[in-house]
Amino acid sequence: MAVVVKLSGRIFEDEELVLKYAEAIKSYGVKIAVVTGGGELARRYISAAKRGGASNTFQDLIGIYASRLNALLLISLLGDAYPKVPTNIEEFLEAWRSHRVVVAGGFQPGQSTATVAALVAEAAGASVLLNAANIDAVYSDDPRKNPKAERLPHLKYDEFERIVRSSSLPGGYELMDVWSISILRRNCITVYIFDGRRPEHIGAILRGENPGTKITC
Amino acid sequence: MAVVVKLSGRIFEDEELVLKYAEAIKSYGVKIAVVTGGGELARRYISAAKRGGASNTFQDLIGIYASRLNALLLISLLGDAYPKVPTNIEEFLEAWRSHRVVVAGGFQPGQSTATVAALVAEAAGASVLLNAANIDAVYSDDPRKNPKAERLPHLKYDEFERIVRSSSLPGGYELMDVWSISILRRNCITVYIFDGRRPEHIGAILRGENPGTKITC
Amino acid sequence: MAVVVKLSGRIFEDEELVLKYAEAIKSYGVKIAVVTGGGELARRYISAAKRGGASNTFQDLIGIYASRLNALLLISLLGDAYPKVPTNIEEFLEAWRSHRVVVAGGFQPGQSTATVAALVAEAAGASVLLNAANIDAVYSDDPRKNPKAERLPHLKYDEFERIVRSSSLPGGYELMDVWSISILRRNCITVYIFDGRRPEHIGAILRGENPGTKITC
Amino acid sequence: MAVVVKLSGRIFEDEELVLKYAEAIKSYGVKIAVVTGGGELARRYISAAKRGGASNTFQDLIGIYASRLNALLLISLLGDAYPKVPTNIEEFLEAWRSHRVVVAGGFQPGQSTATVAALVAEAAGASVLLNAANIDAVYSDDPRKNPKAERLPHLKYDEFERIVRSSSLPGGYELMDVWSISILRRNCITVYIFDGRRPEHIGAILRGENPGTKITC
Amino acid sequence: MAVVVKLSGRIFEDEELVLKYAEAIKSYGVKIAVVTGGGELARRYISAAKRGGASNTFQDLIGIYASRLNALLLISLLGDAYPKVPTNIEEFLEAWRSHRVVVAGGFQPGQSTATVAALVAEAAGASVLLNAANIDAVYSDDPRKNPKAERLPHLKYDEFERIVRSSSLPGGYELMDVWSISILRRNCITVYIFDGRRPEHIGAILRGENPGTKITC
Amino acid sequence: MAVVVKLSGRIFEDEELVLKYAEAIKSYGVKIAVVTGGGELARRYISAAKRGGASNTFQDLIGIYASRLNALLLISLLGDAYPKVPTNIEEFLEAWRSHRVVVAGGFQPGQSTATVAALVAEAAGASVLLNAANIDAVYSDDPRKNPKAERLPHLKYDEFERIVRSSSLPGGYELMDVWSISILRRNCITVYIFDGRRPEHIGAILRGENPGTKITC
């Protein structure tokens, strides 16, 4: 069983959390491809670049470099990961053939790391994508504003896409975007969205549980 | 003045047309970045791959290889183009610094060549993108079905996006997609859509004319 | 047992045939290195390039790109092939160490894909090269012109080279050239030439049969 | 005149400072090679890696990635810098031939960025290295502990090396190490050490002033 | 005027000679592409490899590495050469666009450096190839054996090819082979063969003289 | 058990010796990383470069190319070595994951091959480094000058470093330098220094003997 884990860049703000994710990944014997976001590091550097007049292209490249630094940190904590951070899908494919774990950051400007995670899932032939997100599940509305917002443990892709397009979901773009959704949907990949502060959910999901939201086609 | 020219892959079905585009590009002294689609060649190979069970990832890679073959053909017809086909935005940036003309195909799965053209325009700091398309202009409706369809020589991005989202525009995805539109819009790049069978329109546009549709922010 | 299969580019004109070759390669458990020619695709693009004044260097590079597109198509149809198209012999060697199947196109201008196949056979330590050719066997004369032309099921390298040098053999250069012959001969690699429209001959040859011509040192 | 500027990684903690250095580099028309350290970013990530049991090799690679992120940020703020971060001296040489400004981070484990700056100075044929340091000059003793410490505006390499070897100099290793000193000395490169919080000192030094310490052979 | 200079590897046995060639290349302001052979260094290493059972592939690769070491030495003696040794024709093309001098060694197994020189001449659009050879001119027969051997200052390609094919020419294969001859002939490149121990002949040839043998189409 | 073997470049002056080392490496089933020096070949080429005014950077690069030619020769004599010469630590790490034997030369200017051997030992997680040196053991003084010099079969790192820093040890820099010593010490890697003309000592050391000097932390 091959799974893809998308780690929100925010996880890398918390050293403890990164170490726990490394432990989790080491402990489960499945083939795992991890995609890391750039997080606060990326935002900080992009903000400085923007202030100084950098082009969007360079802002994107900076975000990618930040995500790769996060990826390399995770690699350094694992024993058997491919020792480099692949920079495009062909490098990923090559590494995936002979390593149990491969960790990537961004690939190219114009693609969010959520999209990269979806492309990696497609390339890896993974049937499952675990999204360690900034929210603990998908809700019908922003639970921080609307106490009546309904927690949605199961969604079909159509429903999920509708919610993502609306602006009521916190995390918005960083959770998923319509592009990544379309790639995942066309391969009928099941997505689990769970609270990124809870690495133990990876084990729970691999055992068949659903600690957050499960999206199917 | 730096311009980007997006050449629909269909142009490469017609040897005469390719030769004329080469002549046009050689004759105008401006800095030009060209992005070539995969065309019928890509479609044919992708169809064979699909039949044989190839993954979407490989189908995309095949389309990219086809677009790069088209790009190389064009390079071979120009005297002063960067002699290689850049495979990502950093290679493009590097080549663009020291060559008047750079010709690219696709970069990575998950990005249409329309998106690549938009990213290249952004990276090149181009103010204008010329789209040698499969239609001669943008219409309010499909002119082949509705004789009353109105030819639209000038559009704002909002209007253009609305039309693209609707299914009434022939060419649809291959013309532009919402992703490329958003990249172009955020850099306020002017887009000219014209009949790809008329290479002479490049000169017309450079002279300030508008033979098809002009889209501005 | 490691074998090399040289696929004439013409095979890629026929979708059915490509799919059958993929099946054949998947079914035999031996280590296989495949080298694909550029075929009609290459000829068409080279012709356009030549018309437009492209240098011989670029014409050769175009032929190489075409052969690599064919190679990638084949890779996409196999499950366990090295996922990239090696571009030189060192990349081939690296891939060959850890993959059952590796598919290459051309390497460098100045080398026919027949020569590349010979170099790959040498590098792979293969004892056998299967040439899926445009003719079904080697004849003493062009059988299409001379009905008395003798079919030659067994040849020594000397005899084969004499026939290749003479102009009576259809296919001529695309079959083999003196350079590839000398590389094969110095490693004493056995060559089987068979009808490229008959993928089932691969299995026959692996079972010890000789459906066309067998060349030994 | 070609100069090398070594920017302590700490500069990248201060967005204002980075923007000012970008302005300074843009304003002086000389050929400039910049080498950026990893700073606090590197230390933070290396510390996390170390906690999790990462090898020294990976700790070094993480430091290098951090320094390259800093380098890329600086590149994004300049208009005419080589658009990539060279990863070794040959890439640097290639970029240096055709760009006024090149910005590098670390190259390989086992080399401090101070050493990289020295190697780059040697490769670039620079006669001057400007070290934007964590101290404002070299002192005979640690001025923070010994109020009688003497500020040393001029030093010969011998004297400087003696001071670096002793532990009384704050900044120690990050300022310079004996390896970088030997490389600089053998090429008789003049080093200016100045307060890294004062980008305007670059201009002063280029005008012939000495705001901190000047080291000559 | 662009010229290609082929330097026999034997030149690199003589330090004085290498230094003189560097001076010659520096002094003439024309665009020069140099291709260096592996010489005695290659022969010694290949012999050791062969003794130890190395494959032909590796023997060829060793010869290529040796030729590249020679190339790098020459680069180090020139001020404005492309700072790297291109490893294939595309790298050569890229370097040739922006450097007055480019120095290459071998490219791939299966190609003599004479062939590489011919391919480089074709790619560079050079009209002239200067072959600093192991003989001082072409003779009708081996002058060391037949005192009546006629020195041939002018030859057409047909005549030259006939002589090369016969075994009477000393140097034989290392001078030129039929493959390089065919590439040179199809581009109508003029070849000058002269005594490799006389670097001053380069200047003579550039001035219109013919110190050895001149071959034209 | 993973070991690193550092082969002095002088070994490559003696064809017999190289063949014996190849045999030794093939016969022991352990994972071995080999680092080869440039030897006399490097010295000869560097001397020529220096005479002609080459920069230190190019002198170092020439030394690296020479060491890589030696590495390739050794690779060609082994059956299962990674088929390429890694050029930096990341390439080494990648190769080391899937090959029993990897052979490298130098990586970057500014690092002796002794330092590269130490970095490779650190990256490979090796506990032992075997240094096939130009001396048969470490002595308290130069045994060629002082007949009373004491042979030292066992040393701690402190003692060894003291001896290396003093000028009394023949071989000096080429044996080890303080930089490599510090890398080895921080990983507590045991070093065996033995007579490089005696390949059979590798087997002896693997069997637990100490034919020369053993250095521990």
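All chains are identified by letter, namely A, B, C, D, E and F, in their written order; residue positions are counted from 1 within each chain.
The rule is short, and it goes like this: a residue touches a chain if its C-beta (ideal position, glycine included) is under 8 Å from a C-beta of that chain, and two chains touch if they have at least 3 such contacts.
Chain identities (UniProt): A, B, C, D, E, F = Uridylate kinase.
Everything numeric here is computed off the predicted structure, so don't read it as measured data.
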Smallest count of steps, each to a touching chain, taking chain C (Uridylate kinase) to chain D (Uridylate kinase): 2
By the touch criterion stated at the start, how many steps lie between chain A (Uridylate kinase) and chain F (Uridylate kinase) on the shortest route? 1
Of all chains, the one whose CA centroid lies most distant from that of chain E (Uridylate kinase) is A
Interface residue overlap between copies chain C (Uridylate kinase) and chain F (Uridylate kinase), same or different (over half shared): different
Can you name the chain that lies farthest from chain D (Uridylate kinase), using the mean of each chain's Cα atoms as its centre? C
Between chain E (Uridylate kinase) and chain D (Uridylate kinase), distance of the C-alpha-averaged centres to the nearest whole Å: 44
Centre-to-centre distance between chain E (Uridylate kinase) and chain C (Uridylate kinase) (centres being mean Cα positions), rounded to whole Å: 31
Each of the following residues of chain E (Uridylate kinase) touches two or more other chains, namely 55, 61, 90, 93, 98
Touch-based graph of the chains, sorted into line, ring, star, complete or other: other
Chain pairs that touch, by label, are A-B, A-C, A-D, A-F, B-C, B-D, B-E, C-E, C-F, D-E, D-F, E-F
What residues of chain C (Uridylate kinase) sit close enough to touch chain E (Uridylate kinase) in their complex? 55-57, 61, 87-90, 93, 107-111, 115, 118-119, 122-123, 125, 179, 183, 186-187
Spell out the residues on chain C (Uridylate kinase) that touch chain F (Uridylate kinase) in their complex, using ranges where they run on. 90, 93-94, 97-98
Complex interface listing, chain E (Uridylate kinase) residues touching chain D (Uridylate kinase): 82-84, 98-99
The residues of chain A (Uridylate kinase) that touch chain D (Uridylate kinase) in their complex are 15, 18-19, 22, 41, 45, 47-49, 51-55, 58-59, 61-62, 65-66, 68-69, 72-73, 75-77
